[in-house]
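Two complexes follow with chain A in common, the first pairing it with chain B and the second with chain C.
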Partner chain A sequence: MPNTKYDQQMEFFVDMQRCIGCHACEMACAECETNGQESMIHIHYVDRASTVQTTVQVCMHCEDPACANVCPADAITKDEFGVVHTANSSRCIGCSNCVLACPFGVPQKQEQAELMMKCNMCYDRTSAGKKPMCATVCPSQALFYGTREEIQKMRPNSTPVKKFVFGQQEVNTKVNIMMPKGSTELKIH
Partner chain B sequence: MAKLPVSVDKLIQDFGPHKNYTPKDGFEGTHEPDKLVKTHCCFCGMQCGIQLKVKDNTIAGFEPWMEFPFNEGRLCPKGVQRYLQNNHPDRIMEPLQRVEGKGFEPIDWDTAMGRTVDEIKRIQGKYGNDAFAMLSGVSLTNEKSYMIGKFARVALKTANLDYNGRLCMVSAGAGNKKAFGLDRISNSWADLKHAEVIIIAGTNVSETFPTLTHYIWQARDNGAKLIVVDPRVTPIARTADLHLPVKPGTDSALFGAILKILVDNDWLDHDFIENHTSGFDQAIDAVKDFDLDWAEAKTGVPQEKIMQAATMWGKAKTSFLLHARGIEHHTKGVDNVLSCINIVLATGRIGKPYCGYGTITGQGNGQGGREHGHKCDQLPGNRDITNPEHRKYIADVWGIEESEMPGKGLSAYELVEAIHRGEVKGLITICFNPLVSLPNNNFVREALEKLEYFVAIDFFLNETARHADVILASSLHEEEEGTVTTAEGRVVKINAAITPPNNARRDGEIIMDLAKRLGAGDKFNYENSEAIFNELRVASKGGTADYFGITYEKIEKNMGVFWPCPSEDHPGTPRLWEDKKFRTPDGKAHFNPVPWKESSEVVDKEYPVVLTTGRVVSQYLSGTQTRRIGKLVDQYPEPLLEIHPKLAYHYGIKERELVKVVTRRGEAEFPAQLVETIREDTVFIPYHWGGKQSANQLTIGTLDPISKIPEFKVCACKLVPTKKWAGPANESPAYQSF
Partner chain C sequence: MFRLIKTLNRIALIKATVAALLVIVVVFAGSRNLQNYDAALIGYLFGTVFAVFGIAYRYSVWLQRPPTRLYWRRSWEFLLSKDFVPYATRSLKLFFRNILFQRFIYPRGKTRWIGHFLLATGCLIAFAVTIPLTFGWIHFTLDPDSDTTYIANFFGFPVSTFQLGSPMAFAAFHALVWCSVLVTIGAVMMMKRRMTNGGLIATQTFDGDWLPLILLIAISVTGLGISYDYTFLQGRTHQFMAVIHAITVILFLIWMPFGKFFHIFQRLAQLGANIYKVEGSRRGMAKCPHTQQEFASQTHINDLKDVTKDLGFDFTLEDGRSHLDFSPEGKRSALAKAHFQARKEGGHFFG
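After this line comes the complex of A and B, so read on.
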């Protein structure tokens, strides 16, 4: 895959408390030429009856991606920069193994296309030195794309975390979640 | 004859709203546009920078504009989708006329303009010049706002021109003029970043000004404490350090109580009060009885929280207070604004770095549009139409005798009342959809139906324009060059990306043509938008809103210039009042006494629940534009009745049950949304829809005596459960305004 300016210093950070549920990220993501007006990032209310809090779910780009590991057609690959790419359309058989395996619930099967689609970190933009579309437009900067130094300087009250513990299983990701200062991991019970 | 020519169904079939979506593969040319045009979003007062992709004279998509300093590429969903107004099937592309029983049929421009001018002359000849009125709006550029102000007075020769800013920030404007002698936010947004305490009152920042949210968070990253005053837990209130869930209509009680606490604890800037203000004693005398028990009883906010807010504000060294429609849409809107200004002045935190105050102007050009003359009482440069010196100055700029200039006219809602009474017989509108946006809109409809002639300048057939005799096919935001002034007072450049399609014309050309046909062509002989702006600069010179030193070149070079900017070598003024020379007659900032006053309609046995209205993130104002964009409609397809589960339980109301909401003005049914994020005594309905699901069928048409703003934010209602369930939201036709 051609890449000229992919900057490995740049990382993706998600701060759920800043999400205002506006859906600008989804609409901007859908604009991408490879997405066919479908968004690869998803906003949901946690429980609208009790709060306006929303969650934003984007591909976490795991170090050891379960989606790729369970793919019988070897359609999902991780590149040298750690970006886990959406299923290669000529290989994907639409089996949904990846949909079931992902601990974050990211991949979605596009029923019409019989094809799995997920975020590829806006590879066309990031490899050209731009920020991903969602993090570019996010009006509250719940989604931030930049260096670790930048975010630590800008947001001294929180810490980026990229280690997730699901029961006995540890998942390390390329994408960071902003947590209370001093946090090192997020345990999901 | 301003009744609908055919059924609403037929009009919707022909002119929409229909939902427009981007094709799966994008519009043609989106991947290889001919050019990218740097301009701004057409929606709110933030005026985010954006680049439009142009292919073959149509807009094919957008690209973030990273270099524009306010938003650096950030956009809300409305901004992302704004380009879908282009390539829209509902677009009016030629002039239309009403044909009874058929709807609207195309006519040529000469016929449309000729008929309009004949009707203007007939009505004015028969009933007097003021019997023909104009309603305008502040999504228009400064150039168009200025030209419309001049057009109404010089060509149409009517006093009766007003605008939809009357529903926006006029209470703030009036309050600011009383207190400071000038109407503009005191600081740029940059001063938010290091404010120790930020109060945002009655402003749902994250839904109505989403890109401002980042500035609030930057301040919080730097240690700021955020206090949000709102009857609902809005997205910005959810994470606030302190949320004061104030009962609608009691903001001045809250801020009065805070002022009393500041005085009682001597959290005051005596030097500032002594040397730079007047009226302090009267202001504190007015709140001497506003103790915490009283304040809690009035506002419904626990007194500990009021005390905590006052303590945070009182002890801070830097601060920023922002408010918006939530405190301004009241019969005491000006009082509410003044009660906020009083606590700013008491602590002397204005005119210094990171010490700010202001209203967050709602509309795209809410700031600039209200400065240059399409308000009924105002002339360019924020001059006063009743002031003989101001009149003389502008009459000279316009090349007319001062005696020829009409006087003060009626404000927007008063104009509708005058139409209803039969005093105003003819109407021309541009950029205003009063049938959705004005309160008590069944009354507005009755008024429209009484007009002898109604001509609408518009690009989509909105709910109001459906009542017109003639429609003049006009231009989208991206089809005409100009400037707007953002909510922080920054004058920015709107660049034309394309020309109007088919037989549609630019707004400016339509106004100039009408002026010419009315015999005032020599006064409207502008070569281009820049020529209008250059005349505006002169017209504003010496006024409080002085643009004389701002040029197109300077705006583009600096990515905006903050007014006042009195000379070409002046850098502009991001922060006001550093010299403490206020623009009031005595040069001081004025405290104003704000005694307690009830809202115009309070709850009683018959109407026991408070009704308040507001907005959602995916819609803009009356929805003329945003109810035609598919994804924005789908995000929030229909107006919901937000109700607390405890109040719902009291009435036996279930989730998505249709609830009939009844007020003294009307009734309408809405699906219930049971949420704990609203006060237990209050229900909320967003107002962006027309027809049967219009919240403004219910709201009250009482006005603030000074600002003439309607009381959208509080009235009394009763709730009647229907035991009927709403259908799936995504199948709701609400966006079409049946």
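After this line comes the complex of A and C, so read on.
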């Protein structure tokens, strides 16, 4: 891929507690040219009956992506920068394996088009040295794209974590989640 | 070289060899022991045998991957069940709709579908015409009693006759010309997309996306060159035209198992995925413990638990359930709740 300007110093940092549910990122995501006007980011209430908390989820770009592993059509690939790309449209058979196996609940199946689509970190932008659309518009910095130094300065009481535990399974990712200072992992269940 | 042999997949190698030998057998059978074989096509035949070998090899390796193997097994199991008739009818309908007409591309973009449809139709008709010719199954002879009547023979048996210069003769002898026109228009439309769509520009590769289109256009244009030569140049450049056309086609055939064209064969799995979905929902749906909504078939969830285990993942939770029992929304909520809890325990919600 013609990706000469991908800046490996820049990283993605997510802090869902900061999400105010404004949907700005959702609108911005639809502007990303790699997903053709479809918004790929997920924002929803966590548990509407008991809290107004919303959460935001982008693809975590796993080191060993479950989505790519379970794909029967070899449609999902990870590039040399660790970006896990959306389904190759000539290969994807729309089986939804990836949708159901992704531990973060990221891929979406476009029923009509028999195609899975997901966040590919705005590859059209990041490969040109720019920030992903969502991170440029998030007013509360629940989504932040920048260097480690920048985030450390901004959030001295937090530590970025990229190790997640789902029962027996440990998942390491490229994208960070901001956790209390000193944390090394986030245990989901 | 030794390492290459060691890394070759034995099962795939056997299957590919059998497939290639079968092609040779049907060529002998169809051409009556090469009696009716047109020697000018021998280069194409070698290319085709290689392509069959390569495609069978890759297909077999592909089927050995756990998720693919599961879909393959399940598809046949559901198709060959007591519901054979409804599933076969459904698959046949979908074959026309999604394989021959590629209607699933339409929601991805109208011009994209038109471009792909033209290109694919041109290719499929061209395959239908050229494969029987290359295999020696079809050949044409002149009726001994009349020097203007052509006889089309299939497996050596005369199947139809037509008059030289008739519309039928014109259509039959120009079929590949129409195919070339369809393929060229389709490929140019697809190229235009690749030059103007920002998302495609960022993610496309030369060998993965451009080379297939360039190759298709090269085949079409050189093929048209042959017709141009015998229609307007009285065959003066025939040698040259025939050779460069053969080169482009043989390159295409040799490359078929490796590059983008392999998707033609992979696409059939979409029919299996469809049966799987229908049969799965008939057998019962899985309900997400978080959203309390049905989100996928229980068969699918159970199968995925096995497949992920085969692949070295284990999403089993301490209480015996699995993270895979949760719907995508349930999974995202579980993460958000765990994050909330961690922040709460850390003493600051906004660190």
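Heads up, the rule we're going with is that the second predicted complex is superposed on the first by the 188 of 189 C-alpha atoms of A that agree within 3 Å, B and C clash if a C-alpha of one lies under 4 Å from a C-alpha of the other, contacts with A are read in each partner's own complex, and residues count from 1 in each chain.
Everything below uses one rule, namely that a contact is a pair of C-beta atoms (placed from the backbone, for glycine too) under 8 Å apart; a residue touches a chain by one contact, two chains touch by 3 or more.
The structure displayed is predicted, hence computed values, not measured ones.
Engineer: Output check: A:A101 vs chain B and chain C. Expected answer is one of first, second, both, neither. What do you get?
Structural biologist: It touches chain C, and chain B stays clear.
Engineer: State whether chain B or chain C is in contact with more residues of chain A in the superposed arrangement.
Structural biologist: Counted on chain A, the partner with more touching residues turns out to be C.
Engineer: What is the contact status of A:R155 with respect to chain B (first) and chain C (second): first, second, both, or neither?
Structural biologist: After superposition on chain A, A:R155 lies in contact with both partners, chain B and chain C.
Engineer: Pick one for A:C138: touches chain B only (first), chain C only (second), both, or neither.
Structural biologist: Only chain B; A:C138 stays clear of chain C.
Engineer: Quick check for you: in the superposed arrangement, does A:R18 touch first (chain B), second (chain C), both or neither?
Structural biologist: In the superposition, A:R18 touches chain B and chain C alike.
Engineer: Between chain B (first) and chain C (second), which does A:G36 come into contact with in this model arrangement: first, second, both, or neither?
Structural biologist: Both partners, chain B and chain C.
Engineer: Which partner does A:Q53 contact after superposing on A: first (chain B), second (chain C), both, neither?
Structural biologist: A:Q53 sits against chain B and chain C alike.
Engineer: Would you tell me the residues on chain A in contact with chain B in one complex that are also in contact with chain C in the other?
Structural biologist: Shared contact residues on chain A: 17-18, 33, 36, 53, 155, 157.
Engineer: Quick check: in the complex, which residue numbers of chain B touch chain A?
Structural biologist: It is residues 21-26, 30-31, 61-62, 64, 66, 71, 73-77, 79-81, 206-207, 210-211, 213-214, 217-218, 220-221, 233-236, 238-239, 617-618, 631, 635, 645, 655, 673-677 of chain B that touch chain A.
Engineer: Which bits of chain C are touching chain A when the two form their complex?
Structural biologist: So the residues of chain C touching chain A come out as 62, 65, 67-68, 70-71, 98, 104-105, 107-109, 197-199, 201-205, 260, 263, 266-267, 269-270, 273, 276-277, 290, 296, 300-301, 304, 307-308, 311, 313-318, 322-324, 326-340, 342-343, 345-351.
Engineer: Chain C touches which residues of chain A in the complex?
Structural biologist: By the definition above, chain A touches chain C via 1-3, 15-18, 32-36, 42, 44, 46-47, 53, 55, 57, 66, 69-74, 85, 89-91, 93-97, 99-107, 110, 112-115, 120, 123-124, 127-128, 155, 157-158, 164, 166-169, 177-181, 183, 186-189.
Engineer: Contact residues on chain A for chain B in the complex?
Structural biologist: 17-18, 20-24, 26-28, 30-31, 33, 36-37, 48-54, 131, 133, 136-141, 154-157
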